[in-house]
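Each in structure tokens, the structures are laid out below.
Two complexes follow with chain A in common, the first pairing it with chain B and the second with chain C.
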Partner chain A sequence: MTSQNYAELCTLLVEDSFGELFGRIFATLERYDRLNLPRLKFYSRLTDRQLHHGLAAMIQQNLVFHYTSYDDGVTYYEANQHAAYYLTRSGKILEFIEGRLGQYAATLMSAIMYLGHASVSHLETLPELRPEQPHRNGINGEHKYKHEHEHEQDEANGEHEDQPNGIDSEHALSEQPYLLHPTLKTLAAHGYILRAREAHFQSYTDTVLDAERVVTSRPDIKSMKGKRLEETVIEKTLEIVKEKTDGDLSHGLKYNGVPRGAKQGRGAAQSNDPIKTEQADVDEDDEEDEDENEWSDNELGNDTVPMESSLIVRVNYEKLDVALRHCRFIGLAEQDSSAVTAEVYESLLRRIEYQTPRCRDTVEIPREGEEGEQYSVPIPLSAIAEDVDQQLDLSGSIGPMDISQPFSRRGKRPLEDGVNGTSNEGTNGLSSGSSRTYELDQHLCLLAQPPHNLTSKRIVGGLITWTVEYRYVARILRHLELEKMIEARYGDVALRVVRVLHAKGKLDEKRLQEISLLPFKDLRQVLASMQTGGYVDLQEVPRDAQRQPSRTIFLWFYDPDRVASGVLEDVYKAMSRCLQRLKFERSRLREFLEKTERSDVKGNEEQYLSEGELKMLEQWKAKEALLFGEVSRLDNMVAVFRDY
Partner chain B sequence: MSRFGAKKGRKLPGAEFSWETDAGGEPDTAPTPLYPKYNVSRAMLLTPREQLQVDYYRDLRDRYHEGPYYSVLDAASSSAKKGSAARVNFDPFHGMPSYSGKYQKKKRTLPKLQGRPYIMRFFPRELWQTIQPSFKPENSMDGYVPQIARTGAKRGFEDDEVEEEDQMKRRKAEDDEEEEGGGGDGEDILDPDEEQEEEIVDDNFEDDDDDMGGDYNAEQYFDGGDDEYGDDGFGDGGGGGEEDTF
Partner chain C sequence: MAGSVTELASKLYDACQANFPSDHLFYQQDLLGLGVVPKNDLPLMLQCTQTLVDQKLFRLLAGKNDRLAWKIISREDADKLQNLSPDESLVYNVIHSTGRSGIWVRAIQTRTNLHKSILDRCLKSLEGKNYIKSVHNVKFPSRKMYMLAGLAPSEDVTGGAWFTDGVLDANFINSVAGYIEYTVSRKSWYEVPSADGPGKKRLKTGAGSVAMKPESGEKQYLPFPAGYQGYPTVGMITAAVNESGITPVRLGEESIVQLLEMLCFDNKLIALNSGEVYKSVKHPEAVKAAQARKPGGEDADEIDYLVRNGMTEAPCGQCPVFRLCAPGGAVSPETCDYFDPWLEKALGF
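After this line comes the complex of A and B, so read on.
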């Protein structure tokens, strides 16, 4: 699985974030795979102290797996490329968390990432997680506004009023766990964080081998033989592995399958959705407030119990991948349907997300055509109806003027027209409720149309439920990505050829020309250049034993799997190059950048730097942002090709 | 192509199979331009959302950089030991210490482990002592050591500069002692006191006195070079028999 380019990229990422010492250790471990300490010392040419400290810190960040073997008691170290790669996705994850759960949750998540893994008691002591902090910093106005707002809320809630509230510090103390624990619980309920287990610090293979050893040494297993033995061993091993690595915290934090702290906030967020770009900060405020309200409501129940302070949490990247994949699906839905439809889809996907722990059960992406069908959890229509914001105008976007309206619903049009908007809903709740559900169903039907088939309908026990066929949509995403690339590189003619080849399978030149309706000259040029690039290839089928060219059939074909794996390597390489470029650009401006990072200059640049220097700093920041942005775009492609 | 001795008016051998040409047409044998026009594709500007993502990433990265774990291999400065690699790479134009150097960001050569709680059972035994210098391997051989609550744990490293200076001096002394002692089992059980300190290479002028005073230092004349061999694990016997096997 690990390739040269990937290894290089991971090393660069580690080095970029944590410095050369980490980079050296990581690169050595990647090159030589598992090493014990003396060997590692020999290969890396570092001192004992450097190695000890470096390894300890890297284990804290989960960048290195370690495993102490039972036989000789020697500890082996291994690079954790997965964790290293996810360094690059952290920005995306934090942005997502902010959009979903608000600013404070993002800060909390960032703190957990920064610490690697952390106990709740340690998180409690962090200064930046106290809500007071943005006040002092005063980074931007919105923060200040928001937190003032929260203060008002707190005081209005009444719980704090009976306390002697005059002294500010005391107020902060009472408030700090008030925000931290609910947010932690919300994150846990969504599954974005999980309990760190010892098995998380050793590689998956080691965990499996350990479990296997335990299983085979059991007396009842020893008595088994042959095939039955194998099957039981595999089964029991998986059981043990699951038990060991399972750090799910969401148990008991969900109400009817919806995580706490999610529901009300969402309604508020969605009502503002169409104008979100304008009012991002206001929207956030609303969400926070709603969340707070809900939390304070829940204070009466069992939710006053804070998270145990001995609990150790870490980020659950698997689950976050699911969430990010859904964001991608929504993007796809937005492309060719209305904003309302996309919102309905979002509600469906959210419901599904709560019950989906990871993107795939298999480690590798299955080959094209062998992947079968993997349906998500079916979500009943009534649940979606509950979730979708009541103010959302469902009928407006599927009126008769809508060109995206599917053919089959022509007859229903007058009926929908009659249900005109909110006035009807207000008057008789019953009929409008059912028609709302019906409209929702229509929206979802729209999404179920080809070519994307973003949803599919199921009737389970008389109830209408909706699911998503993951493998199909993931494949579509993959193909779109490849087609985008081919078009950019070889033009639209090439795209047509590739599509024909993909639809029809292997074709010889003449047939291909007939189908694609292209002149021979164009076709050949395009095919030749694509073959050089490795996108299409040629198969020879000799008609006789001599294999003469004149008596051989040449068939063109396009294999998306092959192309995708090649492209993936290219993408890794491109990401590495971006990071290397960044390093080089940095070294060019080193003197200047070191000046801006001086402890007296940092923070008050306006005071110390000249106008030209300020401009230069701005340019540098833009350049850096562009390069990181490029890496993050490439990461989107990696996600499509590897993770979804 | 010319190796086939192409004659005028005759097609080159194999030219009819070229993909570029028409099936029956004349081949285009003109040389390709030396510097063809090249379209450099430019990256699109970041969308606001991407900008936000990048900002988050940068914030986190900056925090890592400011944090206790960011460490470089060689902080080239004039205070580096003589003859060491760091000294060779010293930049004579910009590396000389200057007054503003005291504001310069200090670079670590070792990650700082102190100052935050660790969960010992997640770490292999051989690193326990590194993480918690108070840990004695002989005390609790089974189970994991309950985490010792640290009161008044410091975050950030700027505020304990004064201690560091003392520690640097003390460490230097200790290093010398250790070298003389021969380093009995330097492999896994390290001197707890030694582990307690951190190494920060900065351009403190007070510290530099020993090394910078002149080229000649009678006290360190003989044992100056020993440190390196001990550290690099090449020549010394303290490293244990493991290395001798290759």
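After this line comes the complex of A and C, so read on.
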């Protein structure tokens, strides 16, 4: 599982985010794997003090697993590469949360991320989660400032959960704890945060071993034998592990399968159509400016109970991966269908996301051809219809079913002239409500078309439902990434060859030529260069025992699994290189950067720096942003190859 | 007697030519049935056929169940054959027997048992008289093959419509492929009449982000709903190609299917209903634009790439010594020559 490149990358990420001490400890743990404290101290050559501080903080960040063995009572430490890797994805996650649930949720999320795990009561005291967010505009924003002063006096105590006036006046929503708790609940309901459990701080293997020990020592298990014993142990172990690691907070926070606080419609991006299907009747007029208020409003009536303040929460990366994967799916849909269709797709995916805890059940990505079909939960069409923005023009983006006119006279076709889309579909004799559902169905059908088959239709109990075949679409994403690389490196001819090989399996040169219709010379060149690059390979099938080349059949093949695993390593390496280069660039400019970071200069750059220096600073920032951006783009590939 | 046999033979030949198609296989019954040979005299008839065979007007063949059979040869061909030496005639017959598929020189040798130098001489003289021609076989490009000069090589030999002289005709393929893509794309998208086009609908494009902003003058295309029946079938595409006049020869459906499959692998078309109908990925305008761009700067059309990803952008993705790269090594991120130009290019300073 662990490779050199991955370990290197994780260390770099830890070092980059938390400094050299963490980096040193992390690197040592990676190199020597599991260590107890004396050994760790020996290898890392750190002082006791440094080590204790470092380890404590890293455990808080969940960068290090610790486990105290029952047998000898020694505590072992182990690097948590997964958590380290997710440091690079944090930006993406925050961006996603911001788009989905608003800025405040993002701030809250970043606070939780920054702390690793945090109790609700601690979150309440955090200054950045207090109400003075200048970005929150609109009615509430103004009121917030009024309240602020009161707060500042109170805040020495740190605890004020329910201000009585918070319930009385609508605008008291803006009050900090009141905003914090609904947001926390929303995050919890979406499954983006979890209750931190003790088992989260030890490695999965330890948890499993512990559970196994518990199971095998039970008297009823001890009496079993042979295969039955094995099976029962595995089953019970999984049960215990699940129970131990399960931190799901969404229970009871969902309403009809939709998390509380989930925004209907399109969210902040299209703030002029705040459609609330659940409460479709109320106050559309005065709420137009602030989407984020909707859910606060909705909850005003039915739930003002704050989150338990002793609750400790952490980020649920598994669930966020599901959400991010859906973003990629939508991107795929956008690529070859209209924006409207993509939006319909998004509604479907969002519904699915609420019920999908993780991307896949197996730890490793199954081998191509061996992975079974794995459909998401089916979502009834009517539910999607509820979610899709009512003002979305569904009919305008699909052509008519039949063109009676031949194509030579196109452009003069009177079909859609003057007649708008809805009445066009109205010819089917459907009432407007059900015709909308029908149109929606049409969009989903469009998505179900080859080549991507992004959706698939199911009839469950007479209801039309839609699902997504996860493994298939994930595979498409994977192939697409590989194809992009092949095209960029070896040209479109190579792309054609690879696609032929992928579709047809192993082929000899002649057959390959017949299908790909390429001249021998080009074909050989491209195959040879791809073989050097490790993208295609050659299999020899001797016709007799002598294995003479002249009596041997040579078959070309393309194995996406093999290529993908190689590419994944390359991606890790490329990410490391970007970070290392950044470090190097930083060291080149060290003196200058130290100057800009001086406490008197920072924030007053214009005052202290010369024009040339300002320009340099700007360039440096752009450079840094570019390199980080590149790392994040590479992370997208990692996600496709490893996580989806 | 001999004279009468010759006369009778000539009569028989004329009757055969008049009553049967030229490639008919004659058995004894057929010849007797013509009523030319009196009293169904079998020995006489055999004498006649033997004369005709000697005159190269008949070719002796073994029919079903090893029965004797003959085929007639036209008089002009017979004249040709009469002038051949026995060896040449032997070789000619062997080559003739393989028809449109042609025969490998070594196979002629084994079948005729002639010495190589004699065979070479025969082949040379036959080729000089323009009776036979050498052909390229795509399957065995190194073999020297011959067939009769008057025949067109079969598809097995030429490799189908896409080969010219045993070599893939890339230009021809590209032009036909381009034509097909455009034709199909015109039928795969609904063109919005220019009158109604509120700007909020986004122009649909295939891969690139080029045409994402619909300008007011541009045409708009919409996808057809699923299950749309109007996508062109193989037959329609074949007909269109043959009518277009871009091909010197008529292309069969198999050849077109071959090309359509290739276009699918090129990500240009999508096969629906398991290859019965096809639709295009890009709409006509985008196809036109892409085709117009091709002959120009080849490396300038980055837009044609699928979409770029992290690895193709980063310098590491194209680095030839990426494998050797390690911090502190001879190739290292610190000493990398590619990062600086890349940063400069990306940031523009």
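In this text, the second predicted complex is superposed on the first by the 531 of 644 C-alpha atoms of A that agree within 3 Å, B and C clash if a C-alpha of one lies under 4 Å from a C-alpha of the other, contacts with A are read in each partner's own complex, and residues count from 1 in each chain.
Just so it is clear, a residue touches a chain if its C-beta (ideal position, glycine included) is under 8 Å from a C-beta of that chain, and two chains touch if they have at least 3 such contacts.
It should be emphasised that the depicted structure is a prediction, and the values quoted were computed from it without experimental measurement.
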| item | value |
| --- | --- |
| Partner chain(s) touched by A:R228 [first = chain B, second = chain C, both, neither] | neither |
| First (chain B), second (chain C), both or neither touched by A:F42 | first |
| Contacts of A:E630 with chain B and chain C, given as first, second, both or neither | both |
| Touched partner set for A:A339, first chain B, second chain C, both or neither | second |
| Chain B versus chain C as contact partner of A:R213, first or second or both or neither | neither |
| First (chain B), second (chain C), both or neither touched by A:H117 | first |
| Shared chain A contacts, counted only where both chain B and chain C touch the same residue | 488, 520, 626, 630, 633 |
| Parts of chain A lying in touch with chain B, wherever the complex brings them together | 16-22, 24, 37-39, 41-42, 45, 47-50, 52-57, 59-61, 66, 68, 75, 88, 90-92, 94-95, 98, 106, 110, 113-115, 117, 119, 121-122, 125, 127, 196, 198, 201, 277, 312, 488, 520-521, 524-525, 527-528, 591, 594, 597-601, 624-626, 628-630, 632-633 |
| Residue ranges of chain B in contact with chain A within the complex | 19-20, 22-23, 41, 43, 45-46, 48-61, 63-65, 67-73, 94, 100, 103-105, 108-111, 113, 116-119, 121-127, 130-131, 153, 155, 158, 186-188, 190, 194-195, 199, 231-233, 239-240, 242-243, 246 |
| Chain C partner contacts - residues on chain A that touch it in the complex | 335-341, 393, 396-403, 407, 410-413, 415-418, 420, 442, 445-446, 448-451, 480-481, 483-485, 487-489, 492, 495-496, 499-500, 503, 510, 513-520, 522, 567, 570-571, 573-574, 576-578, 580-581, 584, 619, 622-623, 626-627, 630, 633-637 |
| Sites on chain C touched by chain A in the complex | 139, 159-160, 162, 167-168, 170, 173, 186-187, 189-196, 198, 200-202, 204, 206-207, 222-230, 258-259, 261-262, 265-267, 270-272, 281, 304-314, 316-318, 322, 325, 327, 333-334, 336, 339, 343, 346-347, 349 |
